[in-house]
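This is the structure, below, for whatever I ask next.
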């Protein structure tokens, strides 16, 4: 039995709320159970220096946690003066994941920044961030289309993410904090709507995991991501 | 006529929501119209080095803005590697304001940190932060009392804050962003429940302001803060 | 009786020495009793990026303290790698105060930087810095006029600053360090020659201050600043 | 045909040279073809603060590249003042990989730091770093055993790493820089001697990769790592 | 003929003013012509970590320039966030020079910090700083002796410094800024009262210098330092 | 008798290996006994801002030590976030020394960066770095000539460096770490092929050194550098 009482292949309650704040071109509150992440997509009419005169746009991501989004208060990274390794790792992952479904040349010479800020953390913040950022990105693209700043949609796929792990020998889906901290293996999977992988990141915590365990986790993730993609679809078609 | 359509002495819609997030000992969402600030109070059983063996507690504050809480995206301070002067100024103001209503010796050798994070900005973020932080502080103290970590309440007053300004020659209360950016004078007032000042910070933007203008602004602030203190009271007595 | 033996409304000995160092376009040693601040005004033929092509000049200020300007040695901010919150707060105050008396468009596309460095501290360093910086600014403008770099004087007012406070229940003027560290309230007032406020910053230290105390402090400040403006005038007309 | 002319399942020439520098307790030059990484293991008789009084040792890793280890000169991270996201990500990966084969409690209250410095880069620096660091770690443990600082060997497994990818639709093993920069997918696999996974990190570059492609890459990696483990063994038994 | 009109072996007007500021245990204004450096010696009853329990004191130095001590305004190092290489080099030189005349064990477990801040620069700031710091150090030691914190004087020699150079082929003493910027060679010499070298730092600017030129510069420096030591002596014996 | 067993005027075994790594335009491994430094020269087709439109090239140097190049592990400067004073001092010395033998105008508007990274330290790393960098620079210039990017050789001299010191009263040449740490005086000399000085840096450690000791050290250095220049020549003419 999982600490959360869920079935091994059961997602937490997923809520994706669009238009959560008012200034950003896309703004989504992504909730995976008690995990809450604000994902905003901001459009800026400039590109980083390395893309100057390259006829291409850019998409990047930043990630942060409010100091008391966690059980114990964490130091504010703005105050310590540097983003930690975990933060940089996660924001690089979010950026790659979203770049996996957009044609940057078709975006034009502009930058979309996805800011993922964790308001409350209970495990799976990076997968909630990716899943919510996709919707924020879609809304930012809708904004550009509605303003005739672009004429064709540069998004060529949908993307969602979920965590899987081995808990007391059993593969489980969408770990909350308690499950995650006791899991022997922790893996994050990012997939597109065609069932292909954009990112796989698996880490043995307690013991190394075997190929059949990997396969079981991949199967769970596939099913979970299919549900997340469906939820995204419903939210987009709702209003 | 103010851009917001409000009367000169009219506050925006004020909402103070307690227990907004789950981990912090106190957690309040403070809304002054469209301005939304999450205020958490975190208790830690340690004091900063300068209070070592001084038989005193400490209270401090930190302030941040989500990068897209504003109309245009701001750079993330964690990423630039330093908190700007405005941030430091505001968090010092919040800290002093709340220290104005607590007896640090009675708090015992522990630290309360008030984290004020702006989710959406529309003017008056620092006054919303102070007004909300007071409630978060009260809840954190209730937590300490309920755990018998302290036996007497170290809070000896209530505190709230509001902005006032001169807009097109007219003193007005609780400026939103548009009003603030066009105001000739901008002033933030922090008062306690006895009508005494804890902080006054006034800045001439367009032209220097005269003593009678100062007096008119102080009168507006007094009335506004009286209403804010009443709202705090209602929220505390509600549940 | 004040620790300094002065009457409640008595300034310390004020000395403002122009042409104190040789390289800067304006250079003033401002002495408020034992407090000594070197204020230099430097002209540079460039503007910060945010004013590019805006047909406007800029005025900014920086503030520092020599490590042993204080009773105990302070860490050198260049060595710790960041300017503290107090430093940033003071230099922002100085900048706003001086921008309050200059027409930046009439200055032309150039920057004037006021560097205020405390050689010896005994309370009131920020008010000495503002009062001295005004003279340094005037000399820098004279330099620009004498070189025909500008043809009309962009300065449209005079500015001076003084501190006031409540010491053992009595409002007093121009606090030295000992008085300041024991005061219940500390307030800095910046005024122009028309008796209008450019900045008001008041902080309750021991107890919140009442409207009548505020009024008494404002009255003291008005008188003190009138004397400081007279001294500035005399120094400017002397050579 | 691969740019390198190798068969799809062919490793580059692997050289692992122990005792490469003289000061470190373990020091290995790891060469994967033209990629050269110096891996040193340093023993220090202290633990980080979070392990104070926990009766446990620690193992951590740091990674760096000489500025001209790459085709174009990179900025020196010591000079820019911060380690980039890629650096932090790699050194965290190395640390986790090596912690996967050591019992930290059995190590005693001391820290082993693995420094992996790239002298020449041609793809696969992180996998060379992990593979070489294992030998450096073994030598550092031998040092501790020989000095009777520990009496039982805390290493409970062997570890090696290799990269795999999809190049022009074909899964290939151990990519050099040219292959890596043109690959559609890039994956790093860390395994132990039992064929179980310690880390899997796969990233789609050009297009998302399908489950059967993932499987093919995992098969290649398994075979490559088997060979690397054999080479490690030979080098350890040689002298 | 030198630009300054001085004879080749002629020092500038040297003024060493003790008790220049009031807080430091030693405080000296060192003037070499127009070059003005405030040198303070601060005593702190602690030692750096590397001397913990070593029964030794420590002496260190810090150096800074006011932003407009120079002809063109320099960026403030506190604002850029790091001390430049020149600053670090100079403060290390000052520290080594003064440690050359003090017995740190006899100082007891305390630290003396020499802060050398340039108020006005016209060449030779580091040599003025060393020459003035010696007097500040002597006064700080007198303070310790007068308080009976130490009973024997740990200073075992006197130290002064001067610059020499080759200007248009002629060796000259004590270069001002204009001479220094046109010199082909620039050398700083630190000597004790016995005529022995504590530091020699010579740099060819325009062309490499020959052994006979080196010898001529050393001769000039010896004579100049003899005069500086005499001036120090007179100032110490004056009051 | 020196700890190393060498004669007072005897260099360590000197090896200078060209083409040590493959990417840089010049790449040399410089070995002075057990001291090993990789020196690379990188050509970039840009100049720093201060040389913009000045029709001149630039040459600069950076220096670093692998964390375990030393007996005890040093903190990685990339990780601490700043280069220490010693590092900055050494890289400034290397830069000046090499600029002493090149005509920057003849180099054209490009920058050559010499990166000197210490793989193993046993005293004299800066002198090995200078001596090796000269060869790396020569190779980088050969590259530019061979590509017809420049048509005349801007190098107008050869340069090498060596350390000398006083050990137990005896002047000795080319100190290793043990000798250096026990020496009473430590001096680094940089000379060109004409026997003229480019840099002299001498520091008294234990006691101040006398003119006749200085002379003896200079004599030793001259002879040592003559041998180093000969070795450079042989290596350049070998292939």
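By written order: A, B, C, D, E and F. Residues from 1 in each chain.
Just so we're on the same page, a contact is a pair of C-beta atoms (placed from the backbone, for glycine too) under 8 Å apart; a residue touches a chain by one contact, two chains touch by 3 or more.
Each chain and its UniProt protein: A, B, C, D, E, F = Ribonuclease PH.
This one's a predicted model, so the numbers in the text were calculated from it and none came from an experiment.
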Practice problem: Figure out the least number of contact steps between chain E and chain F, where 1 means they touch directly. | Solution: 1
Quiz prompt | Each chain counted as touching chain C and chain D at once | solution = none
Quiz prompt | Where chain A and chain D are represented by their mean Cα positions, the distance between them in whole Å | solution = 28
Self-check item: Distance between the centres, which are taken as Cα means, of chain D and chain B, whole angstrom
Solution: 50
Practice problem: Among the residues of chain A, pick out those that touch two or more other chains and give their numbers. | Solution: 81-82
Quiz prompt | Complete ring sequence of chains beginning with chain A, oriented so that chain B follows | solution = A, B, C, E, F, D
Quiz item: Any idea which chain B residues touch chain C in the complex?
Solution: 82, 84-86, 88-89, 91-92, 96, 100, 157, 187, 191-192, 194-204, 207-211, 214, 218
Practice problem: Provide the residue numbers of chain B that touch chain A in the complex, in ascending order. | Solution: 21-24, 27, 34, 36, 38, 40, 42, 44, 62, 64, 66-71, 73, 76-79, 81-83, 87, 113, 115, 117, 119-121
